[in-house]
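Input: structures, listed below.
Look for chain A in each of the two complexes below; its partner is chain B in the first and chain C in the second.
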Partner chain A sequence: MEDERTFSDICGGRLALQRRYYSPFCREFCLNCPRLSLRSLTAVTCTVWLAAYGLFTLWENSMILSAAISITLLGLLGYLHFVKIDQETLLIIDSLGIQMTSSYASGKESTTFIEMGKVKDVVINEAIYMQKVIYYLCILLKDPVEPHMISQVVPVFQSAKPRLDCLIEVYRSCQEILAHQKATSTSP
Partner chain B sequence: MGLVSRGAAAAGLGAASAVVRPGPPDAVPNPVPSPPPGGAARGSSRVPGMVLKAFFPTCCASADSGLLVGRWVPEQSSAVVLAVVHFPFIPIQVKELLAQVQQASRVGMAVLGTWCHRQQEPEESLGHFLEGLGTIFSHEPWLQLCRERGSKFWSCKAIHRQVSAAPDVPSEDQVMLIFYDQRKVLLSQLHPPTVVSDHQDGDTMASTGGLAVVFDTVARSEVLFCSDQYDEGPVRLSHWQSEGVEASVLVELAKRASGPVCLLLACLLSLISAASGCRLWKLWPLPFIRSKLSTCEQLRHRLDHLTLVFSTQKAQSPAQLMRKANMLVSVLLDVALGLMLLSWLHSSNRIGQLADALVPVADHVAEELQHLLQWLMGAPAGLKMNRALDQVLGRFFLYHIHLWISYIHLMSPFIERILWHVGLSACLGLTVALSILSDIIALLTFHIYCFYVYGARLYCLKIYGLSSLWRLFRGKKWNVLRQRVDSCSYNLDQLFIGTLLFTILVFLLPTTALYYLVFTLLRLLVVTVQGLIHLLVDLVNTLPLYSLGLRLCRPYRLAAGVKFRVLEHEVGRPLRLLMQINPLPYSRVVHTYRLPSCGCHPKHSWGSLCRKLFFGELIYPWRQGGDKQD
Partner chain C sequence: MACSGGGGHGQPSSAILSPVTPGSLSTSRTRAHSICMVSDFFYPNMGGVESHIYQLSQCLIERGHKVIIVTHAYGNRKGIRYLTNGLKVYYLPLKVMYNQSTATTLFHSLPLLRYIFVRERVTIIHSHSSFSAMAHDALFHAKTMGLQTVFTDHSLFGFADVSSVLTNKLLTVSLCDTNHIICVSYTSKENTVLRAALNPEIVSVIPNAVDPTDFTPDPFRRHDSVITIVVVSRLVYRKGTDLLSGIIPELCQKYPDLNFIIGGEGPKRIILEEVRERYQLHDRVRLLGALEHKDVRNVLVQGHIFLNTSLTEAFCMAIVEAASCGLQVVSTRVGGIPEVLPEDLIILCEPSVKSLCKGLEKAILQQKSGALPAPENIHNIVKTFYTWRNVAERTEKVYERVSGEAVLPMDKRLDRLISHCGPVTGYIFAFLAVLDYLLLVFLRWMTPDSIIDVAMDATGPSGAWTHQNPDTTQRVENDEVLDTPR
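After this line comes the complex of A and B, so read on.
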């Protein structure tokens, strides 16, 4: 079962949330972030090249122009490969674990998998971010030494930064699965 | 597999057992259930309501029908399938094989269920036959995996016979299929490595790590993968080896040759270390010189590495094996770079050019220093110096420079030959060549070091004198016993002389401080250059190149974890996942497998360095010994 809804992130950009229910105990949430805008790309490129041209008229060295071109190209490639995240996915499977995937604009994917034995709970936290107060969804991990303490807080959807309404949808689904998991698990 | 021979020979095992072959139910002789050996009915405990996870190797997805063999982990309700046993088989032999494997690998093996590949077995009666097998090999829960013809979706059932409301009706569980690549899981190591408790069953580990159990099970069951379905043994198995094993002739030859080669090299290295450790080297001043030169330190470091690599003991753990491999690759790269440098140096008479350029460069440096001292002796930067002290210090340092230049000119005819012989040492490695370069720089700038020491000592004395006389000026004294400042009453003569001396020292302070500042800056410049060379040497020494290469070419060997992908799904069918290995990021590879360095790192923080500079204490940036002393 698959459906798609539109939400907005904390800056007002459009986000698309795709929910896939593979089975009662396996669900996937995909958040598509807004793409790289042509306007900002053109603005940055023009600024860099105008500055390089200004330096060229000052020093009459053509190396400045080639350096500017290569900096722009390398900078764009680096941005697409290391910084710009296109899609963030959360896959939650009962009795197996929670997997978070970030796909970058160049196609690279980075995945983190947390086993269900280490997950204590999934909660929505409030945080002060610059001048705003935002909500974010995070996974609480158990301390291996003391099962009642929390050793780590792992935030989810860090670059998409959806608003509370989107987070509530994801939170409800996760809690259903976690409740079932707690009912059937052996450890306290 | 479609052949049915009635009254099959029991292969001399006696009348109690019979060969089990597939076929229509009436053709199969009554299977006599043999008493299960102890431990076959394991896994009776399970977690009710938990989804059953079946880890299935991708290589067995196209195998013929048969029995599933593997390990059942009750705490996580997961079944790790290791191989498929094909028909025909004799149940006693299967159980014997499993008992053997269990003893050798200390992993609880059992028959987990049946596997049916409908595309190759057109008879529908196979289903009943397979259910009959459940009575021979009793296992809770009994898995039945079936691959339909013309469909890529599988049907999976897990049947529980014992625990249910009505004892005759078996209850079923939901099954989740997780495919894994057996060869990759066998070869990979998880980071951080989990500690495996060496118990008889090996089941105590299951409660701690979730997926680490799967890796551990596959890694320890190598004994099971020795025989194949194409072998002539009693039991025909299908696992990752059935797809064909790739091997390299060079690797096999290297493995065979490594034994005697290691022995020979280990003897050679022990001879060298015995020679270097003999009493002759302990005569003064040799140990003194040895502790100062960074070349000796680097050579000793390399000798230690080589001894470890070529030691005849096998590596105890995968981490040790990686360390040995990293050291070997580092030494080989070092020697290769050194030979490149050697060939570059000895081509087109570069050594001659270098030697010809060396003496003029030393002359030039000395001239610049003389200009600097003349400048200091005048009115440097408009400051007014104390003329007498200025002249004394300036002339003293100028005489030193004159001595130094005379020595350099004395040595100039021999420099080319010395350089040529020293250049040969580059064949021992680039790091050795760089250490020698660092030592040559230290030797050539020896006069700067001497000036720094003189200036620092003078400045240090002056500062101590000033602080002590300042205390006298205020009527206090340093109490050595109590290590604190106490008040003290001086009589008039002491106060008078003390104040006079204090005034003299204060007015001489700018001159001394300026000389100290200039020579400290020069010394710091030389130290920075040497530091950069040492950094480069450290980089070549500690970078784990073999691990980085492994991460690049065989990323599944170094695993940070796993990742799952949901395969095509149909409503009503069991969920299918593909488990892949998540490789370790490069930064963590370097961090985990970095080799231990020489230990020549500066031990001061910036604060203590500034404090030492202010009080005129000598700085030794590398080790306690520091560079050559005056």
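After this line comes the complex of A and C, so read on.
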């Protein structure tokens, strides 16, 4: 089963949430951010080049122009490869664990896997972020020494930053699976 | 009983002596407000304002209101925390300038405060303490945003020196368009009305309270063979430590069976040590040094008489605590002190060594002749005077009144500032108010109210806080702060 709904992020941008239910206890949530728009790319490039031309007329040194070109190119490559995340995926399988994948605009992917034994809970938390107070989803990890304590908090959907309604959607599904996992692991 | 009596000529003692009956709590169910307490001073910092905010908030939550607290970050404690009964505290990462008060540029706190006010759907902003820059900032922004404002003043001020002239001017600006002001005693009300040039009708008097269960008498802890005088105060000029150093030798010579216990720390401690040295009173005058609030009761119950030598005081909590422990109180007649206790529980003196000695001798004679009531009886009388539930009930009435009032629109507010605060200051702050408004418009354009998530209510009518399972998500929610994305 697969469906798609649109939500917005904390700045009002559009986000698409795809849910794939492979089985009742294996679900995938996929948040798609809008692609890099041609408009903002043009705007940034134009500003850098206009500034470079301004400096060029002032100092008459052609090094500035070549520097501007290389800065734009390298900046764009770096941005696409290290900063701009197009898609964030949360895959949760009750008997295995939770896998988080972020795909960068360049195609690079980075994946983190947390096995179920280490997961204590999935909660929605509040934090002060820049000049905002936001909600975010996070995974609490068990302390290996003391299972009642929390050793680490791993935030999910860090770059997309969806709003609360979207988080609640994901949170509910995760809780269903976690509850089932707890029930099956304690019963036998 | 939220007495906003005309012009401060009311009969104070009758107003504060009327005891609260527990039954009056459930009467007159008013509508629930959404209140935001703002002050630089909150736990883990310790003091009177801090405990006032905490206790008042707890009692307001008990009465069904939604309460949140906004303060600045203390060290590693920043972000959002939940206290008992779902009291939500925002520790904002703002820079601390001096004495735990934040630096103010009047504008830099607007984005965060606005975000919080919007997401919590706050209707009333209640600021505390005139020393807190953040409290004044919040008042300023709240008025720009068109929210109702209440301010509680916790201290008395002078009029003469440069620093108080400046603070008084700022207070005038800050309070001239505030909806309602609360003072802790009639003396404090008079002081605030004069300092800030206010209309006395918008100033209410609601005293502080003590938790009577914390201050219970324990007659077995004191030795009745000698008479012990207890002093608990910071040892500073304001608290009259110099008077104390005059009283000690005089009385110790006269009464060989008299001991002093002095709790507290401060720059004037050296004077007391000098006196002790000169008159060889090491076995009779004990200096305990700084006391934690929880230890105060254990010191108080060791004595028979409590001595307070303050030179200025808005509302003296110490004497109420002492009386609640069953001690006979001897105090100076300054500030709001005469309003605090009825005449048969306190001996009032002029702030001079001679008068205080006379008062103490009277108390000693009464103690020796057994004319004083038993500590248990005093405690039972005092515990009905000042309860936090009563304070919350009266504060609620202020909120009720304020929520019916209109907030000044921008043009009237500018008029008020210009006409009230003098030609120069008035125009400067009117200009700043306009800038603040423009900044607010800009912020509303950047992040419209509609895309700010409404926070889940922990307290209030639809509060999510449950007593049954405090072990689930809510407790965990306060554990980590995401200041920078990792």
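The rule is short, and it goes like this: the second predicted complex is superposed on the first by the 185 of 188 C-alpha atoms of A that agree within 3 Å, B and C clash if a C-alpha of one lies under 4 Å from a C-alpha of the other, contacts with A are read in each partner's own complex, and residues count from 1 in each chain.
Rule of thumb we're sticking to: a residue touches a chain if its C-beta (ideal position, glycine included) is under 8 Å from a C-beta of that chain, and two chains touch if they have at least 3 such contacts.
Since the structure is predicted, the reported quantities are computational estimates derived from the model, not experimental observations.
With chain A as the common reference, chain B sits beside chain C without any clash.
When the shared chain is aligned, chain B comes close enough to touch A:G117, but chain C does not. For the combined model, the angle formed at the CA centre of chain A by lines to the CA centres of chain B and chain C equals 100 degrees after rounding to the nearest 10. Of the two partner chains placed by superposition, only chain C is touched by A:K132; chain B is not.
By the touch criterion defined above, A:A16 reaches neither chain B nor chain C.
Contacts of A:I69 after superposition: neither chain B nor chain C is touched. By the document's definition of touching, of the two partners only chain B reaches A:E28; chain C does not. In the superposition on chain A, contact is made by A:L140 with chain C only, not with chain B. Looking at the shared chain after the overlay, A:V48 reaches neither chain B nor chain C.
Here chain B and chain C sit at a least CA-CA distance of 16 Å once the structures share a frame through chain A.
In the superposition on chain A, none of the residues of chain A is touched both by chain B in one structure and by chain C in the other. Within the complex formed with chain A, the residues of chain B that make contact are 47-51, 53, 75-77, 174, 176, 178, 207, 209-211, 561-564, 566, 569, 571, 575, 577, 582.
Across the complex, chain C meets chain A through its residues 78-80, 90, 92-93, 111-112, 115-116, 119, 447-448, 451, 453-455, 473, 476-477, 479-483, 485-486. On chain A, the positions that touch chain B within their shared complex are 1, 22-23, 25-26, 28, 91, 93-97, 99, 101, 111-113, 115-117, 183-187.
Those residues of chain A lying in contact with chain C across their complex are 8, 10-12, 121, 123-129, 131-136, 138, 140, 150, 153, 155, 158-159, 163-164.
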